[in-house]
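Encoded as structure tokens, here's the structure I'll be asking about.
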Amino acid sequence: MDVLYSSRPLWAVLVSMIAAFLILATGEKNRNIRESWTIMAAVAKFLIVFSMVPVILQGKVIEYTIVTFYPGLLLQFRIDAFGMLFGVIASSLWIATSFYSIGYVRGLNEHAQTRYFFAFAMCLSSTIGIAFSANLLTFLVFYEILTIATYPLVIHKESKEGIMGGRKYLAYTLTAGCVLLFAIAMIYHMTGTLDFKAGGFMADSGGSSAVLIMLFAMLIFGFGVKAGLMPMHEWLPTAMVAPTPVSALLHAVAVVKAGVFGCLRVILFVFGPGLLHDLGVWLIMAYIASFTIVVAGFLALGQDHLKRRLAFSTINNLAMIILGAALLTKSSMTGGIIHMANHAFMKITLFFCAGALHVKAHKDYVSQLDGIGRQMPLTMGAFAIAAIGLSGIPPMSGFISKWFLCLGALEANQIIFLFVFMTSAMLDVAFFFPIIYNSFFKKPLDDVTPHFDEAPMFMVIPLVITALLSIVFGIVPDAFFRFFSMTSLAVQNILGVG
Amino acid sequence: MAEQFAALIIVVPLIASLFVPVIGWWKKRLCYPWVVAVLIIPLISSLSILNTVMTTGKFSYRLAGWAPPWGIEYVLDHLSAFVLVIVSFISLMVAIYSKKSVQDNLPEKTVPFYTLFLLLVTGLMGIVITGDVFNLFVFLEISALSCYALIAIGEEGAPMAAFNYIIIGTIGACFYLLGIGYLYIATGSLNMADLANILPPLYDSKVILVAFAFFTVGLAVKAGLFPMHTWLPDAYCTAPSAVSALIAPLMTKVAAYVMIRLMFTVFQPHFSIEIVPVFTILGWLAVMAIVWGGIKALAQTDLKRMLVYVVVAEVGYIVIGVSVANRLGLTGAILHIMNDAVMMACLFLVTGAILYKTGTREIHQLSHLNKKMPFTMAAFTITALSMVGIPPACGFFSKWYLILGTIEAGQWFWAAALLCSSLINAVLFFRVIECAYLKPMEPAYAHDGGETIHEEIQRDEAPFTMLVPIVIMAAGVILLGIFSGKIISSVIQFAVPASF
Amino acid sequence: MEVTILVQATDRSFEILEKARERSRQVLDTAARLTSESQAVHRKRVEAIFKGARQTKTEITRFTATFIILFGFWLLLSGHYDLFHISIGVLCCGLVSHATHDLLFANPRAGDMRVIVKRFITYIPWLFYQIVLSNMHVVRLALGPKNLIDPKIIEFKTKLESDISFVTLANSITLTPGTITLDIRDGVFYVHAVSKKTAEDLLTGEMEDRIAHIFMEADHVYVQDTLDIAPVFVELK
Amino acid sequence: MIWQLDLILCLFIIICAIAAINVKDLLAAVIILGAYSFFMCLLWTEMGAVDVAFTEASVGAGVGTVLFIAAVSKTKRRSKD
Amino acid sequence: MLDYVISKYNFWIYIILMMIGLYAMIGKKNLVKKLIGMNIFQSAIILFYVSTGVKAGATVPILSGHGHGHGHEVIEVAKYINPLPHVLMLTAIVVSIATTGVAIATLILIYRKYNTLEEDEILMIRKETGV
Amino acid sequence: MSGVNDMMTKQSDDVIVKTVSRLLIPFMQIYALYVIAHGHYSPGGGFQGGVILGASIILLVITYGLDNALRKMSEKMHIIMCSTGAIIYAGIGVLCLILGGNFLDYAELDQILHVGIAQARSLGILGVEVGVGMTVMAAMISIFLDIVTGGLHSKEKNIQGKRA
Amino acid sequence: MKVIALIAVIMTGTLLIYGAGDMPDWGDPNSPANSYVSPRYILEATEKTATPNIVTAVLADYRSYDTMGETVVVFTAALGCVLMLRKKRNGEGG
């Protein structure tokens, strides 16, 4: 594999960090300048990240070492196809989110905007760091930064619920961080290296299977907390008190995706399909994920708060990604990885819509949405597109990932998981379609005549774009960002070696 | 010239401290600039020594020109040069910081205060630099005596705390002295390097065992390790803020340094590991220190008192690193000496600044502090994150090496204690951060309320002389984290005994 | 004629008497005035002498005396008589005598030093003799068949005046077995005596007289008083 | 070495030490401590450490006792144990 | 056994003294007593050091004769007691008096504040005032 | 001067004590200086001499009262003297440093003293002992005064100064 | 407290008695303490420093740095007392 040494990954990480400090320095006084930093950083970051895509697609790897502590212990960036995929998702969606955030916070006249944008930029910076990290240590470093950078966003409202949510969030993620720290230290002790390797590097560690299983469990616990894997999902719905762009960021792009990304890294790049198959943990993993999928789907049905419903949907979808990876077949992996991208675009659309509803119509509950579609057709249209996509209905991008996932379940000869995917799709339909139906066709409860009153442009444009993109990806999976090529490249790497 | 820097590093602050009464007699105002100016010299010379050591390896300096086993020598190797830099740097920062605090709390005692301040620094540096076990005792006493006096002028309850410290500290120092006596009776030498040569054939002697036991207990008392820590919380908490900012980071660390020095330089590492089971005991004590310190800290509502218990726990960290007795653990311990010194200094400086500005240390009274003192609180937050172990702040890296060390030693419980402690730290510090940054909890959040409240809060930042050290320390926390790899590869890995 | 003469004589005699009375009154007045004046003047002069003595003349002599004594002590202690050590000794003695010259000779009425020392030296054998005597007495008391031990505290007013003589007396009393000085308050000695005989021996005052003799105290007072009254007599004549 | 003298001195030292920490009158305790120091310094003289003995006599038995007496005179004389 | 005890009798003495001192430092409630214990403790250690330097049949480490031009006389090492412990102990004595001085100063501060020197009473007062 | 226990700071009433100490103090002091100066040949040195010197002044304070004692040297001077002693010590060390040797290497002093190396060392020791003596004396007095007056003696001295 | 004290004392005592077992005999001129470093002091101190009192020679020359430290300890104690106790002139009594 060709290795290209370049400092571009570092700049990709740094650009938003620098922007964060510029934002802090600019402060509340000069809003326009402050927000222009955000936009500029977002665009710059995207350009930097995107400029590396062709290199990756040629099968090369970009590397940059920050510092070396010890032999085998270093802070290093290495971009492979899988990391690139996540990097592109995050950086592209940041542009959308920045625009949207500006509209959102100005629309609500939020307090502490500087802190908000600062934390936001830091979040993105660490997400890109996670995406590009070459080894578990680097990963952990950025993972912890992400944890902390998200905290101010979660508690942004400073209400009692917000603070409690923040506490819960910290309790979960920091515990996970500790467990991860231990597990990673253990791995370093056993193997002397922490570098991700397609197909895993733990196979030749020589540890007994009990130790390996324990380590695997710890790592999955550590990353699974952020990914909202079922017994550890509790913080996610509570964190819904955060402002909507934050929720969008949390759920679609940065935080949970980082968790899922970590899980996949562990499954595919640390332990590797072969080893997991030998240990037999893949099946347990798959069962946990299926459990999450089904239970989260049912729980989502019971939620009236729109964002909470979306949160459970997120849990559901993330578990699907993990299940895809856990099935360890080529198609399922492809499905899982591509679903990361697809889900990101669709879910962010949904959250943007929820935010737009909150800003414009001050409506937070599903039951209040009757007839809102006529008032805000663009928003609700986008919502409908994304919801349909998530349910896996063909023209949308969700279909493709679900298709591969189902295929994978068949390949693995595990019919039960096929049923899981099916059930999940049904549940998706069950909790999204009533919203769409009600908003467009049902009369509002109060007799106010709905009139066309769309959310601010800053908010509507991003959400329309993301919705459109999710259609485009459904039709041409390899459009623009080349997600599909990257996915297949990643899967090739994994299976080719392992 | 670099050789003479070694002499300067003690002589300059020493003579300067002797001149403080003269200067103070002439003009009281000049004490502060004098102290600050003087403390720059040890910093420069210790940096140059570190540089020399890094380029040419360790060297020694013969005092009074006599050859080592007969005369006294300074030994400057990587470890001592490294700790010297830490000590001189932090003392300079605290000296800068002390201006307002002293003006405010001890206006009439400026002259003796600064004299003892310099003497304390001198004592600490003398402990670090010397290569003679008895000379170490003398400087231990200089630092201890000045420390007693400085603590005793603190707030309510300080004299009693100081008295307890005197009693327990004297027991510790006397045990150390007794250890020297036992070593001396068995070997006839007092020089560390010389002892290291003579001792190995004597390892099965009971006298050496007893000497080792007394050293360990004495230093554990000085370091405030768990069952011997009882003097520590009261003493550090009641001391004036400039004093506790100096002693909390340095005293226990220097004692830990001496422990490392004795266990791995004077005694061969294999003696400390194989012949005496002391490390197992120490390790468990450290675990208890971590747990107990954490729990007690959770129970405090006073910020400074909370930090004091954190100090107890942090001592446990270093001792765990020492007692796993392998390369990684010891690297972690030495790194943590530095990191913890910087972090603790920063936290105590911030506490002092808060006390100076708001007059309170109660955690729940700190609301809106982020508006009043944004830089101070930012520094506090960074350091707090570092304490929790969030990368890239420095606390993460020492914790990382410590955990690696415990794993390598197969001590799972110790690793678990370290992990638990970072969780406890998270609870501790986020509690403070919540109080400082967020509004007091209200049942519902009013949308329009936000703007109006923070209009009223005036920025009331700590004075410049306080702010500068705080900010430098906070920056240091991050920079030390980022460059910890560099520090380890260029200094610490040579400081760890080669036999690991 | 006779009458006039008589009258004149009487007048004259009256005049004379008047004059004489006048004169005598004047004399008495002057005498009285002179006495009081002279007393004031004299007091001032004495004070001046004392003060001057303290400040100028005796300062130097006292310093020198102290120095000589201390230097003797130094030479006694030091076994090294080379230039270096002697010069150190001179330096040290100079320092100490500068600092303490008012301590060693604090008594302003100090008489002639040489006489005092001579008398003191002669006093010592006598004291020694007394100690031996009373020692034997106490031995007899202790070992004797009859219980003659009759402890009591006696007090007496001393005629001594200066501190140094007080201390000499007190220490002499204490040194002689059987008697112990308990306290001295305003010139009154409180002494614990072990038997009647010792107490009587003490009250004879022989020891006191000898000490007064050493320090030239009792007669010294007389001379001083005479001198004080002298100017009045001169004027009256 | 005259062992009889040694023995008596050691005995005195131990008696003084025990008395010093057990006497309820602090002034007495302090004086006994002075006596202890003094016996100690005799023992050291007997062991040939004249310098140490000299120092102990002036420092321990002298100034140390004075400081202690000063402290007791400034505070309380009675102790409960 | 008896030989063993007698041959090291100085060690036993110093161990006893040290234990007395240590007991007083920890167990006694009166602060002055603690200090007295501290002094006993320290002088016990000094006793230990001094006895390490003793040589049977040797004399004090002061050479007779004059300081200068000593070269031609032969000095017998066994004739003089080991001076090094004495040197160390001079330092230790001074340290001990310095510590005592500082401790007494704190003692007076404590007395000013609490008007007592009994540890349990002080603790009670502190508990009552909530400090 | 409420609260100040006068026992040890006021002039003593007892004639005997006063007179004896008056006569003793000069001899004590000369003995102390002798001990410092002859530390080379006989037991003793800076510490012992300094302590005896300090004890003589403490005796003066106890018998003649604080005011009399402080007339000779103010409490500030004690501290200055204390530091001067240590400065003499360290200064000799630095002098050696300046003369090209290591810190406290008295052998270098023969460049300015023009005597043999052994003699230079001897003189160095003497100088150092003097410094030690000064420090110890001043320190002992200062500690004693602080303890015995509770730190208030400067006040009394001030009144005394105004009256004079 | 008394119990703790007793335990501590007994532990220390046991340790000390244990250690005394391997001590060189009392007054042994050939013990390491008496035969390693100190003979050289006795042999050469007078010659090199012109000081017959070896203790003084070692104190103020060979180990002069220690002695300086010790002087500073005294200085520290004095200043410690000043710092703790000394009050200003117009301070209230007692």
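Letters A, B, C, D, E, F and G mark the chains in the order given here, with residues in each chain numbered from 1 onward.
Heads up, the rule we're going with is that a residue touches a chain if its C-beta (ideal position, glycine included) is under 8 Å from a C-beta of that chain, and two chains touch if they have at least 3 such contacts.
Quick caveat: nothing in here was measured; it's all calculated off a predicted structure.
Among the remaining chains, those touching chain A as well as chain E are B.
Leaving out chain F only, with every other chain where it is, the touch network divides into A, B, D, E, G | C. Within the contact network of the assembly, the step distance from chain B to chain D comes to 2. Of all chains, the one whose Cα centroid sits at the greatest distance from that of chain F is A. Contact count check for A-B and D-F (C-beta pairs in contact): higher for A-B. Chain centres here are C-alpha means, and the one lying farthest from chain E is A. Taking the mean of all protein Cα atoms as the centre, the chain whose own Cα mean lies nearest is B. In this assembly, the C-alpha centroid of chain B lies 29 Å from the C-alpha centroid of chain E. Averaged Cα coordinates give chain C a centre that lies 43 Å from the centre of chain D. Chain D and chain E have Cα centroids separated by 11 Å. Centres computed as Cα averages put chain E at a distance of 24 Å from chain F.
For chain C, residues touching at least two other chains: there are none.
In chain E, the positions touching at least two other chains are 9, 22-23, 25-26, 29, 51-54, 56, 58, 60-62, 67-68, 84-86, 88, 90-91, 93-95, 97-99, 101-102, 104-109, 112. Counting partner chains per residue, chain G shows two or more touched chains at residues 16, 23, 27, 31, 33-34, 37-38, 41, 47, 50-53, 55-56, 59, 61, 63-70, 72-82, 84-88, 94.
Remark: chain C residues 66, 69-70, 73-74, 77-80, 85, 88-89, 92-93, 95-97, 99-100, 103-104, 106, 163-164, 166-167, 170-171, 181, 183-185 touch chain F in the complex.
Contact residues of chain G toward chain B in the complex are 15-16, 18-19, 21-24, 31-38, 40-41, 61-66, 68-70, 72-73, 75-77, 79-84, 86-88. Note for the complex: chain E touches chain F at residues 60, 62, 67-68, 90, 93-94, 98, 101, 104-105, 108, 112. Listed in rising order, the residues of chain B touching chain F in the complex are 4, 7, 11, 14-15, 18-22, 25, 61-65.
For chain F in complex with chain C, the touching residues are 13-16, 18-20, 22-23, 25-27, 29-31, 33-34, 37-38, 41, 72.
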